[in-house]
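Which chain is which? They are A, B, C and D, in the order written, and residues in each are numbered from 1.
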């Protein structure tokens, strides 16, 4: 079977990420007509949920890009199966502007939250599949198995966090984001502790 | 005549593919106003044909990107003629969001199906032309002529599949997708069989 | 003064070209509502001027990308001045979807033609400036001065062709494209003749 | 801690810049319907503030891209912290089409000016943070500390210029751009003088 270089799949991925992340801005609609200064301020302030969604989605997407970057840092080459997993992964990344649009307009609805977190979960699961397949097929550059295990662990936690978000979106949509913040917070604390230990 | 490196044509191609694939999402319109939860669910479910078109078009485009990747893996360098074939190829790739928009809104019309499959066929034919010209001009890295023949064969089948889709779009628009599924299915079976043989 | 590598300016350029070329498709509006088959065919046929503009603009942009590629093939490195010429160049490339939109809707108006050809002329002139500055500053890889001269000559002709188009847009807007076709035609003939001579 | 190569963060950045800069053109709306020639000219002339905003924003964004390019020219590799600073930086870059949209429609309002210059200031500050962190962590290729200091100085001035713009947007919105022009002008003079001295 042909093993392909990874540079072009990286280029396509970087492109899709860059575009999906930049298209998020199109969900922020510019107040169109001439207004008084106060009216305009009010209009911009009314966009707060959309701004919040923009920032959060951009950063989550950035996090997925970073994890993608990190895993490919250790992957030597790919095969057809990995390319297709990657394409599915990118399909869900490129769906983000739609999910963010739902979330921005209708933040408190379980339906939009389920769609949004479901999109994130699909991305996370495909990244897990990608990584574990690559490890089992021995496509990983053999440096530091401990690091590889730590990445697998981190990818798994990401999927868990978004699963819990989905559950809490059904149970109490007002607090569905809380598990995500706890996850991020725990990660930062863990990171600081690990650095101190060294 | 100047022979050019292939890295920049690859970069432009990856860019056009990434954008065309990500612009597909703009055809999914976010329900705009505040609704009840049920109403919103109904609206999202009403987008089913667009979602289906999104997924299928993304994957077909991903497949064409993969074939492009695969052929360029074996191409050493390009000349002016190949650059222009490539640009025409990208012109049809970048038309995909339009064709997908037609398909998403008007799935059962022969006109939109002919346009959609015609777009795919044009991409497939230009990729065939690209490959056969490169082989005849000896621009291919000389590894494994059997592999090269297999790629040519696969590209040809892609063109055949979309031609049959066009014919069936005229004859029975309700089943025009069937030839494509048969083709994909056949390809997967062939693949599994070939792997077992080894 | 710092001399910079050329890879990132190439990456930015490829990105801007890919996006500008792909955004052209957004000027093709998908007929939105459910129609009879005949009505839909009529609507698509009514888009003919937009399709024509799409194809022609995509190919002209592709041609400029190719010339950019060709000149950078011979440029060793860049300095701050060249980066800024390049950014201005990209500014006009990224204006293409707007100019194409004008042209697509209002093909026979001298105003839209002047805008469109003026956009093309600006791109051509900046590419000329770029090339001649790079040659004078000795940023060119020293292979084959004859080839370098031929490129300069070709770039000059491009600017001339679009200047003539602008003049003819004022004099007789119905035939303003003719000089461009003559130019392309002459170029192809010249090419065939040069190949025969060898 | 893992140190990552810089090529992919450069690729993502080039992508985001290319898209944000090209999306600016979508704020220029094409006059849609068939008009007389004079009417059309009037409509295009009425777009003057948007054109001005397009050109200025494209060039400022180009300047930030150039500074990003310049700093990365000297950065050897990155770590997780720098990646996140970069992602925040790109988040504000990708917000530019929105800010430019505000500015284009409502140029004389303090609110839109504060938003616009605030966006620019955020980009400038994050670039300063990026550079100084990279220097302190010794991620810089050790060539010419004087050059490194000069870049730090230039980045600092950029932040100062946009801060002054914000102040003047509140005090006298009609002249809020003046500090920026003075800054650019001063920079060009400084440059010419430095070249003469050598």
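Points to keep in mind about this one:
Just so it is clear, contacts are C-beta pairs under 8 Å (C-beta built on N, C-alpha and C of every residue); 3 or more make two chains touch, one makes a residue touch a chain.
Just so we're clear, the structure is a prediction, and the values are computed from it rather than from any experiment.
The two copies, subunit A and subunit B, are related by a rotation of 90°, based on C-alpha atoms and rounded to the nearest 5. Taking each chain's centre as the mean of its C-alpha atoms, the one that lies farthest from the centre of subunit D is B.
Averaged C-alpha coordinates put the centre of subunit C at 26 Å from the centre of subunit D. Inter-chain spacing, taken between the CA centroids of subunit B and subunit D, is 37 Å.
For subunit C, residues touching at least two other chains, in rising order: 11, 15, 18-19, 23, 26. Those residues of subunit A that touch subunit B in the shared complex are 1-2, 4-5, 8-9, 11-12, 14-16, 18-20, 23, 26-27, 80, 83-84, 87, 90-91, 94-95, 97-98, 101-102, 105-106, 109-112, 115. The touching residues of subunit A, when paired with subunit D in their complex, are 10-11, 14-15, 17-19, 21-26, 28, 30-35, 37, 40-41, 44, 54-55, 58-59, 62, 65-66, 69-70, 72-73, 147, 195.
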